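Two complexes are shown next, each including subunit A; its partner changes from subunit B in the first to subunit C in the second.
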Partner chain A sequence: MTRFWKDGSPPQAARPTGPGRRRVATSQVGLMLLIVGAVFSVLAPRFLNPGNLLNICTSASVVAIVGLGMTLAIASGNFDLSVGSTAALAGCVTMSLVQQIGVVPAILAGLATGAAVGLINGLIVTELRVPAFIATLGMLTIVRGAALIYTRGRDIYLYGQTQYKILSSGFTPVLLALAVALVLWFVLQHTRFGRHILATGSNPASAQRVGVRTSFVLLGVFSIVGIAAALSGLILSAQVLTGNGRLATGLELSAIAVVVLGGTPLTGGKASILGTLQGSVLVAVINNGLNLLNVSIFYQDVTLGLLLLAALGLAASYHRRIKSV
Partner chain B sequence: MSRRKPRLTTPKTQPKAQKPLSTLQTEKSEIPELSVTARIVNQLDWDLLWERFGIAVVTIVVWFIAGLATPGFANVGNFVSVLRQSAFVGVSAVGMTIAIIAGTFDLSVGATQALCAWVAVSVAKMAGVFPAFLAAVAVGGVVGLCNGSLVALVRIPAFIATLGTMFLVNGLTYIITNGQTARFSGKSFVWWGNAQIMSVPIPFIVFLSCALLGAAMLHRTEFGRFVYAIGSNREAANIAGVPVAKVAIFVFVVVGLFTGLGAMLLGARLYSAGPGLEPGFELNVIATVVLGGTRLAGGRGSMLGTVAAAILFATLANVLNLNHVDAFVQRVVVGLVLLLALSVEGVRQRLAEYWSRRTVSTRHPLGGRRSAVAAIDEFTD
Partner chain C sequence: MSNPSTAPVLAVQNLSRRFPGVLALDNVSFGILTGEVHALVGENGAGKSTLINILAGVHQPSVGQVLLDQRPVIFPDPLSSQRAGISVIFQEFSLLPHLSVAENVFISREPRRGLLIDWATMNRQTSEILRTLNLEIDPTTRVSELMVSQQQLVEIGRALSAKTRVIIMDEPTAALNEREAVRLLEIVRSLAASGVSVLYVSHRLEEVFSIADRITVLRDGRHVVTERRSGMTEQQVVSAMVGRDLIHSTRPNRIAGPIVLQARDVSVDGGLIRNVSFSLRRGEILGLSGLMGSGCSQLMEALYGLREITAGSILFEDRPLRMANPRAAIRTGVGLLPEDRKRQGLFPDLTVAHNLTIGAPPRWFRAVPGILDLAAERCKTLDFKRQLNIRFRGPNQRISGLSGGNQQKVILARALAGNCRALLLAEPTRGVDVGAKAEIYALIDRLVEKGIAIILQTSELPELLRLADRCIVFAGGEPQGELRGSEITQEKVMELATGLSRRATVNSATGGVE
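Our next item is the complex of A and B:
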């Protein structure tokens, strides 16, 4: 191989990527967080209430878990638009099984459902060569339909089943989110699989020539996304103790927005776990603040869309400035 | 520009090994005569024919099967209903065909349709049909302008830009309408969605006109040539002098205009319009275009395929309805059909790789070990 390099030796290895490289973008999110938090705590006195802060943490955790899975997917160069439907399906499956086989097996069944959906997504993308966003767009409808068929359009309500509620009460969601973040950070930074994910996202053709098994990497990534989505769905359904086929509609956009706000580039190859966490807290803070100020819930959609486009616009202009140098 | 693919004219009994040049001249007397039919079959470019007319053929076949298998399908009233139903997705699909040929797509058509339909119904209540048409189309065009600017000027990938716009427009619709549905049943307005001329529904006539207009734009104008060029190879088009940004913005505006028109038809059909109208619409539109033979990668496509695919989808929904299939199952079927349509492209690619053993596709380099081995072979040759 050395005969290919002009000087006789390959160039210096590039600096390893990691959270440090994205420091510019994540510090912007942190700063925005402080400013927005300060503004809301002035405008709405109930904002700094411990109960309210716990609310913020819970809703941030739900989006964070899906967002962390989505970070992995985006880092590998793909998207997964079916996370909302997967969350709903997993919630419904678990809800229907809790009273029959117990809480823990039901939770495992829900997570397995998410993994199965993710696996199917991965197979469609790798075997059938369908572009990821279209494949998951189709799966979004299919899985949502499957959830609605499974529940026959009705809600599954658990009467007096308080044991399951532990998933969504107190600090459990936050702990779960932090655990997922730690695990995924470790996988990305310190395992071979993580390096393979980043390689696949950065340049799939080159990764494949170097020997990375792109197919297996993508199957793994989509399965992880599915499991993360299922976990979010379980927490969401535990909050209301209801299994609803229409749960978590629009979760996919929140997840993508959170990842983009966190500084992970959409082209793949880099991932910022800390950024995603900060992004999810920011989104939760904004939603909560708008709620406290009695702003219509529809404005939250608009705000999210505007935030997403603004963040992308800033990122695009930043890259263009870099490229033009 | 028609693609002519040379076909083998020697029958399969010929040995496959390469012959040295000196013996080729003596081969002539050994080539047997082919019949006229065989020669015509060999000369035709079946791939191109399938791409252009395949869906139309499939649609007709499905009509025959459905007519025989499903009671209640094969009567005039049902056909009228099928054709009418195909128009609402079809009009938007005409615009989306242009977008996909240009290499982008628009995920916000569903939200845009809801907004434009509400605008159409509200304006029709106040000012009549023609102002309603103008308003709906104008709103669609404005949304398209936003999309186009985001994609071409701010350089946000089309997928994310239109996703963001979709949520923006959705939220805007809820805010403007306050969650209420607007209703209007003025005769001249709902005529556009419900009437027929000689058993042909008006929406379908509008759909066909839009398809003709779209086809004319694609094949007879400079804009159409630019669209095909950008879809085939954006960089090459840019270097060749095609005004990529302007064409891209105009493509999105066209999508918005057609969606606005379709929205007016839908509002007329339903006598009402409000937020949350027809969720999953964008998937139906993209599925229609892809099923019609337009490649998602861009650069190739035909309007006839889109028309046929729209009718096919309406037929499918109609047959499922007549068989009393669950509404949720129907949505699953639409998703499955889309995935099926898209996977044909991928399966064909995999088959080509398997046969050639040397192709490493850089667009979806997801082959297994075999392609990697083939690639390493190339390096060490």
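Our next item is the complex of A and C:
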């Protein structure tokens, strides 16, 4: 498993020790959330409207679901750049099938599509030994292309399928995100599979020597990420009742951003489910607040980037301080 | 070095340093004389690193002072310590790998002509300095292309070029092989002879006794003793380090039981190891020994399913065995303590409990398969903590916070938790301090007594002599011979490992013609 951000340094080099990193990062993101929320509720009176808060929660949930999957991938020492494309493809598949086979089977078909893409990602990484960065970068364009081919570049509209709309209305996305979080938290904390994910991410050579089937673990992780991406894609497509091959462009970056903001280090071996949830809410709050203040969408991207740099910079300086004591 | 003056060039007086929750140094006083090799020894956590860091200007003392030429000095940062003539050669070198040797030697002190660096002078002076260290390399070579031992000499060269009066070396031979280490010791001696003082920090008492004029022992942050080398025995130094008399244990006489593991004409990875046969019995330790590249560690990996066995067969308790991977090995009843703890053993991000239980068999996981029983994990971890005398705060402490010896015990416990009947120990005491080493030996004795069969691969001959009942010596991927009990001596092992005896027999067989 190659990790491109390591820049060739040996795996044991200068890994920060002690419980500091995660705790600090999660409390940081919680604190930021409070501050940003307070600022927006003063500047934009509509911010605290129940309707607006639900909006925030809905958009946070879409990113959170992918981000939670991504948390597992990053904890295993990998990550997945193809999630945006996977979300689009899954959305299109489901949309095209709803009228023929009914809502529930179509949803299952969409999720299965995600699982299949994830499995392929996993096989490329474990069998062909291609680093996850390259493998999923390739899959990013392949799957996006596949989605566009599948829809012939056109939108798939669903008229009058209000049943399907349920997926994106009311509290459904929030409940789905919380359910995913709960399941993945349980997996990480209480199952052998979860423990093996962390072990693989922490030190693959050790993991192999204690009998962890690292290939099997990674196949599982990538499949979970695929399913999570598909679920997000289904919610997104249900919001507009449209299947579109260009849906969820750039979702991979927001997903990685919320994981990192939440304090899960890119070096693998650790995961913070709660942090990812908080990170998702923070990003959603900022985007929403800037919207309310009529700030251009372009500035929102800049803000997200700055936020990410600030979070990582703070974490890094904290560790320098710890080290120099 | 033979005639050090009596006034210390560098000294510490009533030095204490407090970190949150620990008193790392507690009222330490001693001095280093001009032109002397002063050894500083102590177990991990004795305060050696803190002391070095204070002298290097990385940390500041909480109480007490540093004296340079008997005048108190304060080093607020590393630069001021360097300017005062103190150079520290840390275990992790501070060279810049992409720059040339000369650039590294003269970094931030480059000879200039006007605004430009005077490359010719810089390269010439670098060559001169390195020649005094017996290092003949082109000063324009990139540091990244040098071997570790050469890089270390470049570091020393840098110190010399800066007109250093005191060189502090932190475990300088840790990364060197035996020949390189011998050369380094010669260089240290000649440095001292030329009037430079050396503070030599090391675990290895052999080295300390071959080189030091005086020895200072620290324990738990306190100064135990400073004494001329001639006034102390190795045993006394060890006792001073660990604070008690280590029972100088010897190998107990053991009676081996039935055969557990048997190898017949085994070859590994298409000729990496050839024609190995042995049988391992219950309650005995079989040693594997050989020089670097002799194939011992590859054989260990093959026995654990990490390498392919291409010919021959292995029997485990009389059943033929194909170990395709470590998973299969563990299931069969083979455990491993890996050679490189950091790279192959630890999960630095995980807790002690998780590190310990990760290889455990599924029966620890209750009712539903795949669900962890966290309470049982905790319980087992505390069990092993008591049994193996592992020191840590709690099962949820991250393992990277433990000392090397305690980390090693956790990994040993992990192998034992798998209920292995044959245990492969690769370099079981590498990077652990003297006290932990003795404990690990006693532990291994206990395991053998309980009937576990052990294969021990070690590069430390004293360890082999202390533990192994029998020993197979390898050279070039082939077994050179087997030694038993009292036959295992340093000379015999080296003879076989270097292929001396074999050549001798071949020579006599062919009438000395080669």
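Quick note on the criterion: the second predicted complex is superposed on the first by the 297 of 325 C-alpha atoms of A that agree within 3 Å, B and C clash if a C-alpha of one lies under 4 Å from a C-alpha of the other, contacts with A are read in each partner's own complex, and residues count from 1 in each chain.
In the analysis below, a contact is a pair of C-beta atoms (placed from the backbone, for glycine too) under 8 Å apart; a residue touches a chain by one contact, two chains touch by 3 or more.
Everything numeric here is computed off the predicted structure, so don't read it as measured data.
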{"item": "More subunit A residues in contact - subunit B or subunit C", "value": "B"}
{"item": "Subunit B versus subunit C as contact partner of A:205, first or second or both or neither", "value": "both"}
{"item": "Touching partner for A:131 - first (subunit B), second (subunit C), both, neither", "value": "first"}
{"item": "Partner chain in contact with A:139 - subunit B first, subunit C second, else both or neither", "value": "first"}
{"item": "First, second, both or neither for A:215, with subunit B first and subunit C second", "value": "first"}
{"item": "First, second, both or neither for A:308, with subunit B first and subunit C second", "value": "first"}
{"item": "Touched partner set for A:269, first subunit B, second subunit C, both or neither", "value": "second"}
{"item": "First (subunit B), second (subunit C), both or neither touched by A:51", "value": "neither"}
{"item": "Set of subunit A residues, in rising order, touched by both subunit B and subunit C", "value": "205, 208-209, 211, 213"}
{"item": "Touching residues on subunit B, where the partner in the complex is subunit A", "value": "150, 154-157, 159-161, 163-168, 170-172, 174-175, 179, 280, 283, 286-287, 290, 296, 326, 328-329, 331-332, 334-336, 338-339, 342-343, 345-347, 349-350, 360, 362, 364-369, 371-372, 375-376"}
{"item": "Subunit A - residues contacting subunit C, complex", "value": "10-12, 15, 17-19, 190-193, 195-196, 198-199, 201-203, 205-213, 268-270, 324-325"}
{"item": "In the complex, subunit A residues that touch subunit B", "value": "79, 124-131, 133-135, 137-142, 144-146, 148-149, 153, 204-205, 208-209, 211, 213-215, 218, 250, 253, 256, 260, 266, 296, 298-302, 304-306, 308-309, 312-313, 316-317, 320"}
{"item": "Of all residues in subunit C, those that touch subunit A in their complex", "value": "19-20, 58, 304, 306, 325-327, 329-331, 336, 338, 342-350, 354, 358-359, 362, 365, 370-372, 374, 398, 400-401, 414"}
